[in-house]
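The two complexes that follow have chain A in common; it is paired with chain B in the first and with chain C in the second.
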Partner chain A sequence: MQPLLVPGTLDSLSAIGQYVNAAAVAAGLDKKVAYRLRLAVDEIATNIVIHGYEESGLSGDVLVLSTITDNSLIITLEDTSRPFDPRSMGRPDHIDKPVHERPIGGLGVYLTIQNVDKFDYEYVNGHNRNIFIVNRPKIEA
Partner chain B sequence: MAFNSVLEIVNGVAKITLSGELDAAAAPAFRTDVEKAAAAKVKAVALLMKDLEYMASAGLRALVFAKQKMGAQTEIYMIGLQESVMETIEMTGFQNSVTFLDSYDAAKVEGA
Partner chain C sequence: MIEINIETLQAGAGTTSINAISLTGEIDATNAAEIQRRVMPLSAPGCKLLLDMTKVAYMSSAGLRMLLSLYRQTSAKQGRIVLVGLSDELQDTMSMTGFLGYFTVLDSLESGIQSLVS
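So, the complex of A and B:
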């Protein structure tokens, strides 16, 4: 699929979601796996917009790429906000607490890591690259 | 599908009907209804979620906010959830703080 370039604003989340859904269909993922991938990508895209751009007083775009290989679908989000590796967040320690005792936040990255087969991050040439990999169903020979 | 949140207060219960896709861009509309429900000092919140096709953590954050604003004793009911939305809730441990129902049960929710 052609890459998608959108402004780094919350209004772009819907277009990113549609792009991921279309890539999931092209890769033959089942609906449940597709939903989980979309959630994973949406959470990181939300963090890029809110923390990477808006709260830092920066503006920029988000580039969404998809690659289908024999075994997997790879979605990559690229942005030009400050370097941030979501994997540094760790597992939130409040998952087991009642809701009224929880801090507001800290769930997005956790959901991302839980909902894809592999989540990777790299910083290359001034770009954050968040990489989401899900396995494709095995095709019967 | 675009997100929609409709609030109705019936017998001291805030019934919020959610439909479409609840991402971070849509969450403020939901949060506004939660704030109105809190201001009305309802005894319970019933979220009618049959037509909610997608929910990101921004939706869960609005629920944390609801519970904190209204107090732990305010019951939150989630009604008619789709399977994938339910899975996200279970993944984040929220199932221990809300009550799930298949359909709206006035005696149970309004009698609380």
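So, the complex of A and C:
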């Protein structure tokens, strides 16, 4: 699929979601796997827009790329906000606490990591690259 | 895009007033705050809230945060909240984050109403 370039605003989340859904169909992903991939990408895209751009007083775009290999679908989000590796957030320590005792927030990155087979991050040439990988179903021989 | 419909139901032969909130669309960071703004005023002392999610096709953590705020306020006011019509995917997300056990989650509108009346 052609890459998708959208402004780094909340209004772009819907277009990013549709792009991921279309890529999931092209890769032959099961409906539930597709949903979970879209969720993972949406959480990071939301953080890029809110924390990376808006709260930092920055503006920029989000580039969405998809690559289908024999074994996997790889979605990459690229942005030009400050370097931030979501993996540095770690597992929130409140996930086992009753809902009324836990802080509001800190769930997005956790959901991302839980909902893809592999989540990766790199900072290359002034771009954050968030990489989401899901395995494609095995084709019966 | 999200559509929010709120109506008041009289149940239990008129003994119980229930605020039924039905959401249609996708809940994400673009609209969770709007839902919270519309629904939070219903969370009054002793309130009974029925949140119908049958037509919610997608919900991100922004929706979970909205539900958490609503749950807290409703509990603080000795009110009750019941969720109905959650898709498997929404239930998975709530289960993964430990939310599922804290909410009353039922399949149908009817069972939700029945639970709030009792």
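The working rule: the second predicted complex is superposed on the first by the 141 of 141 C-alpha atoms of A that agree within 3 Å, B and C clash if a C-alpha of one lies under 4 Å from a C-alpha of the other, contacts with A are read in each partner's own complex, and residues count from 1 in each chain.
FYI, a contact is a pair of C-beta atoms (placed from the backbone, for glycine too) under 8 Å apart; a residue touches a chain by one contact, two chains touch by 3 or more.
Just so it is clear, the model here is predicted, and its values are computed rather than measured.
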#### Entry: Combined model on chain A: chain C and chain B, fit or clash
clash
### Task
Identify the partner contact of A:G60: answer first if only chain B is touched, second if only chain C is, both if each is, neither if none is.
neither
### Task
Have a look at where A:L111 lands relative to chain B and chain C in the superposition and call it first, second, both or neither.
both
### Task
Kindly classify A:D96 by the partners it touches after superposition: chain B alone (first), chain C alone (second), both, or neither?
both
### Query
Looking at the overlay, what does A:L10 touch: chain B (first), chain C (second), both, or neither?
both
### Task
Overlap the chain B and chain C contact sets on chain A and report the shared residues.
10-11, 13-14, 17, 32, 35-36, 38-39, 42-43, 46, 49-50, 95-100, 102, 104-105, 107-108, 110-111, 114-115
### Task
Give every residue of chain A touching chain C within the complex, in rising order.
10-11, 13-14, 17, 32, 35-36, 38-39, 42-43, 46, 49-50, 95-100, 102, 104-105, 107-108, 110-111, 114-115
### Summary
In their shared complex, chain B is touched by residues of chain A numbered 10-11, 13-14, 17, 31-32, 35-36, 38-39, 42-43, 46, 49-50, 95-100, 102, 104-105, 107-108, 110-111, 114-115
### Summary
Seen from chain C, its contact residues with chain A in the complex are 1, 26, 28-30, 58, 60-62, 64-65, 68-69, 71-72, 75, 88-89, 92-93, 96-99, 102
#### Entry: Contact set on chain B toward chain A in their complex
21, 23-25, 54, 56-58, 60-61, 63-65, 67-68, 71-72, 83-84, 87-88, 91-94, 96-98
